[in-house]
């Protein structure tokens, strides 16, 4: 089964949408649109009546509502429904869930609580923002990260994991572990930034690996030329 | 709400000013103008009747007054008003606040005292100069830095954090954690230095990501051609 | 003795097939086709009546069946026969075999159990997916990896070991230890990805070391121009 | 107040001289002229009746006298007057001052003795040759270096600190901490070395950041074309 | 005294052959021909009635016999004579000699047993395959490697040491310690691999340091154009 | 006072010879001629009736005699006179002097014995081959190296220290500590090696910093065109 990314123009690059119940990594430098991409994905799920878990270690619920409220894809409204569970890792709820950072963290406990939550609530879509902060919450060493991601791959939700990454060829373990990798480009060219999106990997489906133009529009990220898109 | 940067020509790059109550990183190599940019930001706040906290681990109050006194934006005068609290981390006041370096530092204490001060005094603008010295004051490890910055993001002040950084693509955790990143360029070109400024990231607002010319003028940093600017 | 890779067009690059009972490394960046190559190799063995061990630390049996079911080389069907033993390192069987990660790992025990299994069952072909996860299962340090691979080289099975590797000249110890190295290229060229395959090393046989075009077709990876291939 | 560098042609690059009572870093590869630059600075101070402290961890008093005696700027003669205190860190005086390396070093003691000496003797100019050897004398870790330099910045002397550095963009903490950075270039060009000098940073004054030609003449380093200089 | 390398076309590059009783390093990336070069060297010694010790941490005696049996230089036959002692470090003999890896290694014991064996048996030629596995057998740290190689240099045998190395300018200590360094190139050029051989260093004799073409022929590696060679 | 290097064509690059009683570093990649340069320096001293100490951690006395015997500058004969003390660090004499590696090394003891030997015997020229092996003999950490070199700089001998170094801009502490640095180039150019020599640094004397051609001739290294040299 394929599910829509919610990003206009993207699904065509992956044969109709993300193969469901798998783990994908969304990577790119600061300001490249990773959070917007994932918010569109989450909003799309809520719109379809799916249950969404959005775990942010970067933003409060209010912050993300405000940021995404400037777009028309409706994540701000979805955040106020029961469809979306927003977990801010630095809120008191977040601290109960993950343990207070620097105090009593139990990495297999984090893995168990997280997969338990996803499975028991029948969550359909998960967004994790981000690996840098996952590393902060988990013990040092890549082993706990491998264990957590391997467990998430075995859950029945479709997960997007934001991974901070500057160089599209400096892969980390999450890029090898994921079923697919989407890279958001943001590179200097003739004194300006050019934005692009590229599917580097996608298990079990044909993909278009070319770099596509992407731009920020009123409806969020938009792959390909806006002029030729019908909404 | 957007607030002015106080840097002529800059606000137009970020849709009218910095979205308020958020955390921004100002990065660049030595001599690129980071401290001047932030002093203009602080002076602008004071001029508008806002309360400003300027934490320097680089300069004494006298040193910064002298350096900025050669410009006309008035940070030297603002430093003598009640609007601006200047905290020199190596002064006796600073040592009381942060603890003596190398002796008894308590990183969650630093986070708590700092956010407590900002919240209790209703500080509107904060400048931190700089991450290198924050790292010096805090425990080693990136965890305490992530914790401090995450707490600052939850304060109601607008914060500029100076981050030493040479290569505009060698991002550190503060660039991913911040709501926005401004990079000051200072690169060798045909035997001379060319100065530039670039907005790499800005959550929740449209931005112009082109590199803009910037120069030092009598009124401080000045984005774009001085000839076409009206004061 | 040479055995077929099961990948159309590949055997001609290595003088008719892989010299049997040896260890080969298959390397490349995420999305370059390493798992598909190895699945074709495994399916080919099963089709010939050979016994195959497929050890995955990345996929469940269901996941790999689904991914490879979109191709016509029949690995999905082979997985349901007695010819193929699929060992998912994170399943309960896998945990019994390798020990629970982070709990009680005994690296010479892993080496012994694995070579014991291969030898006692007269396994003909082995696929290991991958070195990153082997490193996760084994103790840190390259010594246990060298010990395991040296033991595998002494087994009478033909083994393909997937090794995550981005840069075709950043060799790790497995590339020096293996009897042969196959590299899958996936490089950016004029805004698109170009796929290639290259035999970097092959002991005891003549090889063609040129980079060959490779593409994903209905029958899996396909070396050289599909137009000139007869099925 | 600006004070002359003592290097013909240099003061014009920094608006008339170094702003007094501040800390400057002089960087460059081996053989680029760092010690000669600083000796000219020290000799100029002595000539003006200022008190100079020259701390060398590289040279004996005799060695520097001999090296600089081949130039006409008079540092050899100044070394024999009361104006200049030369501290050789490996002499018995030096060892008393800094503690025997490897035996009993007390980094805050070094900071205190050094700033105490500068302040009690009303030293006007200080030369430190160099950071590599400061690191040798101080405890490992960048913290003690930051503490020492921050204390020096608060002294009323004008200090030049020689910092070994090959690549003009591989900045260390001293480049960020200093009020100014002067870089001496020494780069290979068409089979020969080209020498240059560049002011990368200078707080509180306008600067010319172009790379200037520099050459060794009888009067020491000489910025710009010798032909057009009047002595 | 010079001794032949056994590689057609090579001796002319080093003034007639390797100066005897010295240590040489043979370096290059995977698949560049290091083992074939050294097997030719060993076979040439056996053919001349010399005593040869071949220590492999990569291959069994059967493996190397099979690999080299496809060439005509006769190392497969030499392996069955008394002239050649083949020591497989992972065989039971090898384990007795070197100690079981990971259990009881005694690096000066390895050095003593090895030089004792070479001296007491009057071994004329030694091949070591390779430094990666020497490092595996010895304690960590470069000290034991330096000690072993320095001892080997004092033996009266001529030794070839295979050293894994990708970049011809990323030298390790063995390249500085050896009396000579031979580099086998294997670099990508216009979508294919080009092979070359180069003598980087050779104490006490004139050398031709140009990169020479090298190819795999029926008689093994062959330096220069095969067409102009007389066998 | 300047003393001759003994290398035809070199003294002219450093204003007539090396300034006496100082420390120089000779650097370059394997095979670039560092040992030959230093042997010519030592032979020149012996010829002039000076006392020479040659410390080699690479070669036996017999080995260096044999290597240098192929040249006409007479170091082989000088080695048999009382003028030259050859200390092989791995001989029994060497071990008594430096302590057995890995057993009981006392780095300040090494410094004291070495400078004591040089001073008590009035040694005029010292050659150290090389820093890699000095590091092996001394404790880890750069501190003991700095201490030893600083002590050598205070001796009345002229010392050449061979320093392994591949990249002429990757300086180590010895390049900053030395009074001068000579670099021997050995770089790939149009499929061949080109040799060159360059004086990167020389305190207290004018130098020619251009890269000069250098070649191996019967009389050893020879700077500049052999044709135009008169012996």
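Note that the chains are named A, B, C, D, E and F in the order they appear, and that numbering of residues resets to 1 at the start of each chain.
FYI, a residue touches a chain if its C-beta (ideal position, glycine included) is under 8 Å from a C-beta of that chain, and two chains touch if they have at least 3 such contacts.
Since the structure is predicted, the reported quantities are computational estimates derived from the model, not experimental observations.
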Inset, instruction - Any chance you could name the chains that touch chain C and chain D both? - result: none
Legend entry - Degree value of the rotation bringing chain D onto chain F, based on Cα positions, nearest 5: 60
Inset, instruction - Could you label the chain A-chain B interface same or different, taking same to mean over half of its residue numbers are used by both chains? - result: different
Legend entry - Most distant chain from chain D, judged by the mean position of its C-alpha atoms: C
Legend entry - Mean-CA-position distance for chain E and chain A (Å): 52
Inset, instruction - Using mean C-alpha positions as chain centres, tell me how far chain A is from chain F in Å, no decimals. - result: 60
Inset, instruction - Calculate how many whole Å lie between the centre of chain C and the centre of chain E, each centre taken as the average of the chain's C-alpha atoms. - result: 30
Legend entry - Overall pattern in which the protein chains touch one another (line/ring/star/complete/other): ring
Legend entry - Order of the ring members, counted from chain A so that chain B is second: A, B, D, F, E, C
Legend entry - Residue ranges of chain D in contact with chain F within the complex: 29-31, 35, 57-58, 60, 63, 66-67, 70, 90, 101-102, 130, 132-133, 136, 164, 166-167, 186, 188, 191-193, 216
Inset, instruction - Could you please specify the touching residues of chain B with respect to chain A in the complex? - result: 108, 142-144, 146-147, 150-151, 153-154, 168-171, 173, 175-178, 181, 200-207, 209-211
